[in-house]
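The structure that follows is given in the form of structure tokens.
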Amino acid sequence: MITSQEFVERMKSLKPNCYMHGELIQRDDPRMMVAMKDILMTYDMVDDPRFKDILVTTSHLTGNKINRFTNVHQSVEDLLAKQKMTRELSRLSGTCIQRCMGIDMVNALSIVTKEADDKNGGKTEYHERFKAFLKEFQDKDMVGAAAQTDVKGDRMLRPHEQADPDLYMRVVERNAKGIVVRGCKVHTTVGPYCDEMIVTPCRSLTKEEGDYSVCFSVPADTKGIHMLIEAANPTARKALPAEVANHGIAHSVTIFDDVFVPWERVFLDNDPQLGARAALLFALYHRHSYTGCKPAYTDVLMGTTALIAEVSGIEKQQHVRHKIAEMISVAELVYASGIAAAHTSTKASSGTQVPDVVFCNVGRKHAGTNIYHEYDILCDICGGQPQTMPYEEEYADPRWRPYLDKYFMRKADVPPETIHRAFRLAQDLIAGPVTSNMQIAGVHGGGSPIMEDIAIWGSYPIEEKKKIARHLAGIPETPKEPKDKK
Amino acid sequence: MITSQEFVERMKSLKPNCYMHGELIQRDDPRMMVAMKDILMTYDMVDDPRFKDILVTTSHLTGNKINRFTNVHQSVEDLLAKQKMTRELSRLSGTCIQRCMGIDMVNALSIVTKEADDKNGGKTEYHERFKAFLKEFQDKDMVGAAAQTDVKGDRMLRPHEQADPDLYMRVVERNAKGIVVRGCKVHTTVGPYCDEMIVTPCRSLTKEEGDYSVCFSVPADTKGIHMLIEAANPTARKALPAEVANHGIAHSVTIFDDVFVPWERVFLDNDPQLGARAALLFALYHRHSYTGCKPAYTDVLMGTTALIAEVSGIEKQQHVRHKIAEMISVAELVYASGIAAAHTSTKASSGTQVPDVVFCNVGRKHAGTNIYHEYDILCDICGGQPQTMPYEEEYADPRWRPYLDKYFMRKADVPPETIHRAFRLAQDLIAGPVTSNMQIAGVHGGGSPIMEDIAIWGSYPIEEKKKIARHLAGIPETPKEPKDKK
Amino acid sequence: MITSQEFVERMKSLKPNCYMHGELIQRDDPRMMVAMKDILMTYDMVDDPRFKDILVTTSHLTGNKINRFTNVHQSVEDLLAKQKMTRELSRLSGTCIQRCMGIDMVNALSIVTKEADDKNGGKTEYHERFKAFLKEFQDKDMVGAAAQTDVKGDRMLRPHEQADPDLYMRVVERNAKGIVVRGCKVHTTVGPYCDEMIVTPCRSLTKEEGDYSVCFSVPADTKGIHMLIEAANPTARKALPAEVANHGIAHSVTIFDDVFVPWERVFLDNDPQLGARAALLFALYHRHSYTGCKPAYTDVLMGTTALIAEVSGIEKQQHVRHKIAEMISVAELVYASGIAAAHTSTKASSGTQVPDVVFCNVGRKHAGTNIYHEYDILCDICGGQPQTMPYEEEYADPRWRPYLDKYFMRKADVPPETIHRAFRLAQDLIAGPVTSNMQIAGVHGGGSPIMEDIAIWGSYPIEEKKKIARHLAGIPETPKEPKDKK
Amino acid sequence: MITSQEFVERMKSLKPNCYMHGELIQRDDPRMMVAMKDILMTYDMVDDPRFKDILVTTSHLTGNKINRFTNVHQSVEDLLAKQKMTRELSRLSGTCIQRCMGIDMVNALSIVTKEADDKNGGKTEYHERFKAFLKEFQDKDMVGAAAQTDVKGDRMLRPHEQADPDLYMRVVERNAKGIVVRGCKVHTTVGPYCDEMIVTPCRSLTKEEGDYSVCFSVPADTKGIHMLIEAANPTARKALPAEVANHGIAHSVTIFDDVFVPWERVFLDNDPQLGARAALLFALYHRHSYTGCKPAYTDVLMGTTALIAEVSGIEKQQHVRHKIAEMISVAELVYASGIAAAHTSTKASSGTQVPDVVFCNVGRKHAGTNIYHEYDILCDICGGQPQTMPYEEEYADPRWRPYLDKYFMRKADVPPETIHRAFRLAQDLIAGPVTSNMQIAGVHGGGSPIMEDIAIWGSYPIEEKKKIARHLAGIPETPKEPKDKK
């Protein structure tokens, strides 16, 4: 395992290919340093007594100690530990732990590469390639980006039906040494500060779409990759420095401008059925990760709501308690769904532990359909203060500070600075530059609610439920009834 | 284990003390036979290959084979098996499995009796009494009613503050042989066809309320017990007999008119703190049972919705799929919460396995706040047919049947009888004599949503969540901060 | 105007053609007398000083005094008076005023008959026929049923595509004297006790569907009409008689078995476009009626909730007030939408006043999507009592009444009979034989929420809203942009 | 009436007393010019043929032509015109029209000053003072800020119970020439660019709180007034200029540091009952204004949703239509409530038209409880693009623009710039610097949902609703029943 300082050094050694506000930026640009703060935390916390037992594990491949963010889950306990780690780390920053992107991809590929080889009767060697990659990924304690979401063009057309065939990532050339890919991936979280760009399709594919069914990984500074960056960083604090203001997040539009991938890093090619499975498996692991990070973010929102209520003297009011109980329900139902998904998980042929599809999806969906409502609750309890309070410079100004201390008082025994700090935290959460990132990622990250519905419908035993209805109704079964998929 | 026929015989042997529509009724009155059908099923199914592995277990006390509905849970697996059994049996009838009442009480008492003895330094013998009772309960394969909910009088007053002290069950005499109790319990499901009436308090109690903190069990026909019955039975079917029409449910207002309880069956007396704990523990076990039965009932509602959609030709419509996905989410989030509660369960000093409070309560609450919405969905997909269709006699009448067959057609390849059966099932569910029972029990059974909020607030680590907020806000902790309860 | 007694006599004079539970019943069968109680009220109340000013108006056709339930609305004030009358009468019974069915049909036909004549350049005489019919309808103070909803067969097929062409009402013969129609209408409220069966199509129609685009009216006992009845009547009261127990409702499946309609009563034939308009106009008037009756029913539900809270001593609790405020919001937003629809109404070529489509539909939809939630609230505040309380016979029994008086006490100063009456009212509302009728009609009556969405989409200026977006985005308009329909 | 340029000149002539980011700023600071853009629009549009008929009216006081934003409403039509004007102007900017603040205050004061004089038997001259003020306000075409919300300290204590008596605005001195006031008002929208600071209490007051029951108006640069500013301005556009990016909003924390108010501008003093009435009346007028501006903002959100759906090729998808129909329902139910409030309005003794309390409050509350949900819908349909798209500089860069044009394509016939413009509009709405202002003001502006509940409870005839319940239940009325307030 490496230190966060070593990680930053490695980032600096990559060839710059990230653009922002018209500039080609360095990976240790101050704005990137804020955005990657959560990633750095995943390195630092391996030595923290509160977290090391859960953050450090043993590689099933090498037997070495590894950071759990590079682990391929082998058991129910692994899945539970990943979920717990995600919840406990994420809430330290008030934003997103980010490093799940790579590891969720790695787990998906661990399964698909093996299934491809099984299907091909040993004529392919995807899984061996994957294991070589995994060894390096673990040994170097790497961060991977999940370059999954294609730009997708006309939403009513399939990849091969688009006016421009490049609107989904595709192979444009295959040669002795490897393949050349073209396309553009969006919403690439950690793109600007990752080691590897791990790529899979993002949807179901038809038999015409062999060129679109490609999985691979390349270093983030590979020739032909250009990243256009968006960073959601909090407003810097001077007078009232606070941890919430230290953590941001960045995403890239990631252009693959005829990028060469050597065969050693091609993990699937020309297999629409397994290409789609890779897409679904990444989504599945990522939705399971959400059952950890989303409760963490609700912890932050509910803790802030409770804190604001406390300093305002209203924490025992029935409506406040009722609203916080709503937040608790969201957090714990989502967390419960992740626990249940782990406990009903199954083993893939590769040995990788696969969480239950239905529980992951109902959990992720519940989070996604409640996120704006949780903001509504915090906003409701705060009143308008987080929006209209003066800037920090006024608070720091000796002319105005006495007024602000006098007039922002709430409960008489709470010091004025505590009031200001509590409301500035609320401001960062509901009225700051990171707010919309958390709202929008809360809905769409890991798949929008409608995608969870589709995943649920794809695996739910609805025919079994109709059988129950027929049994109660006295309708005899006939050979014509449809069957559930599994 | 006994057979259902033996159970009915035992019921007939009890002294009649149940009144309904102005009559003193027998326990095998035809209306009671319909109401107790689910109970009978719990006896019959021990021989059914689909259920016997989960329904039969081994007593930790005697080592004998017992019906799981008399088991004191000893492990995570026991809790999971109870939850699964509850879901799988409940959905066979389209109503409520009923027999959870007694076993949830028994589990609560297994803990409280031991804790009382521990607290009293061995000066009491509640747990030994309990074990003797449990042995009989298991050996005789008994059904217990949970006579818990007091009539409660003025909701703003505590038990000892009421104008009439009998508005909560209380001890009015203690003598050498036992105690005499007076009061009235309501909503006593299975009251009219149970072996034992198991009694605990239903709320928190203060030190003035020693007489109210009593737990005991007596045979259901004990002198002084009078039951006034309400039965929710489906409309009988002649032309189109169906399983849904075979199952009802009954409740009693249970008057304890100075009932004598021998000391052997007194499981707690004069201990407000543990009396309240008994109340909470029964609620906890019962809410865990709800994480099994409520998903079962959603299975029935969603299966019927899917069936109606199928015969109407609309099952692939997006809005239908979206609405069924909402039902799936309710069922599986509630089920997940029960799984999570089992997996994070702890052991009481008695050895009984205690499910997690927060997961049980968020699960039960989610069910309770969604039940009317689920009816709304089924109603929405059905249209008005379940309300306004002619009576079965018209369907059976050769003059009208051809018209009803002709005009109730939907998809051309679905036989008309299937259509009629499907809509009559929907009618039984949303527009029949059992409907309101399932709606109201869906909200209040095992505790209303507001009671779950109270339970959640009583055990949730909200101070820990405020700490997260303070950490992010840069507010230093001081010795003054409140602490979480545990 | 006639008296209610005269109306009953007229009903008795009709040829019996209603079947129920295997019997051919009389129109003054005791079960029908309960069901038609609301209709009788509309006759009786013309002499009641509280209602006569709003219930009696002047015919624009004859200048005679008429019951407003036979009026063709001529002004904003007429629409407002109709809405107000509907709210004020409906809440006297706790169920549905029923007589809106006919008058909403009459208003729709007043418009369509004129538009047909206009369109046909005076070659048809539909409007004259209509006026002759209207004169009789008003003079005889008639009750009309709206036989609108066809059985509809396969929901994915249009009328002319069905396997059986009779699954929508159609003309099977046209001759010198009139037409012969065949089909079956469902959900015919007041069918069993109306004077006239008024018929229109229930949906959009294509040019192939001329035979389906027929509007007419015939006496309810016309040869070939058979009604199969369903009645939702409350449980009769003996010990605690109450107004709520006096009012029910009945519906029929109405079979038109080759019914002859003379040309004088044919109001449209062979005009799919205006046939569809008749369907929409009836729906529009009926949804406007819902903006009166639905708030009335919420008045009943909220009044009961407040009464239960009062007698239980919890009426000032914050959660109770919050929940009642939710009910108030539903009632008054729906009522406001009807006022707004009246104030933005327009005049048809016939002179009839047409309420605004969007306001009527958002109002009706808001009611329909909240009805189950309102039941949830009343259920929540009541607790389980309305379901499990003993039957009235036990309350009347001198042996049990003292117990029931003692133990059902709540606030000490509320007499026990008041408690029993309040909870029996709640029982009739949420757990009685009429409950499902009000729930299901609450969703579907006048059109299901999805039908309101379709109506809204059919007339909302969404292109204008996109223009606003383009203006803000700086996107120039081009001639290609779609236009709003009107 | 003046021009917008004259208004800006007048602003420049005021003494600077606004502080922001540590600076004393000018009122025509570029950041203020963006924030006041909506105010300027209210001057400019009096000449716009689309708006002049509704924006220009005649003073009832002077008979002069005035801007309706200075009008005291005299009729139903005035209230409807104000509501319509507010909707039509607000949606031109995608933010808040702002100028309602002053006029809602002026209308409230027109009533209270008269009622005070009436109550005092003509011994006070508040209404004459008010009329003199109104004349100037109209003649000079002024903008007023509503300095209403006090800082409020401990939320469980009344004004006179606070540790610091200044936590609500109060009179600290009364002398021959006027009064001296001290306190701090927050959320003062338009504070930094208004002519007059109009002040009322913000809550109910007790008899001890005479010093707190003061209403007055002073010029915004009066000695002792200090404003600490917060501005929510959109990100400036260079490459893709757009109207949405031209409009922001600013608020102040407004400190009254012993400010002298001459008697001519004191509109109420030492009258807690009428002080509270002023608070309620301002809230009432402001909530009526919300029934105009809130539908306008929903117009913007729904138009953008429809535009995004159109360019993505999904506008006919059922789920998209369903979600936009939800937005339509919110917009039109809220608008309907304002129409209903106008049509059921009454006249105050001053002649001012007062909208109905219940309709205004259910409307405002419906808006407030749905605002986050509307964002959720727009976010849902957009996907993650509005958050993660590259900055405008990359779009302007000839190196990247071809890639961005190629890869952001959706429907093949929509030009790439249109796609970029549409998503940048969505970004400004859901992920920009103004987003949180619209979310938080959407909940709290004009009063939080809980305040509307309180207002509804204060005037709703709940006892009448209980009477309906008693009538249905057969419970006789007794003289003890409580009465509704009016």
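Lettered A, B, C and D in written order, each chain numbered from 1.
Here, a residue touches a chain if its C-beta (ideal position, glycine included) is under 8 Å from a C-beta of that chain, and two chains touch if they have at least 3 such contacts.
If you're wondering where the values come from, they're calculated on a predicted model, not measured in any experiment.
Annotation of subunit C and subunit D: jointly contacted by A, B, touch as defined at the top. The interface in A-C, A-D or A-B that matches C-D, meaning over half of the contact pairs are the same by residue number, belongs to A-B. If you average the CA atoms of subunit B and of subunit D, the two centres end up 51 Å from each other. Rounded to whole angstrom, the centroid-to-centroid distance between subunit B and subunit C, based on C-alpha atoms, equals 38 Å. Touching two or more other chains at once are residues 319, 322 of subunit A. Residues 91-94, 240-244, 299-300, 302-304, 306-307, 310, 321-322, 324-325, 328-329, 332-333, 335-337, 339-341, 343-344, 358-359, 362-363, 365-366, 418, 421-422, 424-425, 453, 456-457, 460, 462, 465-475 of subunit B are the ones that touch subunit A when the two sit in their complex.
Against subunit A, in their complex, subunit D makes its touches with residues 19-22, 149, 151, 153-157, 163-164, 166-167, 184, 186-187, 226, 228-230, 232, 251-253, 255, 257, 312-314, 319, 369, 371-373, 375-376, 379-380, 383-391, 393-394, 396-397, 400, 403-404, 406-412, 430-433, 435-437, 439-441, 443-445, 448-450. Across the interface of their complex, subunit C is touched by residues 317-319, 322 of subunit A.
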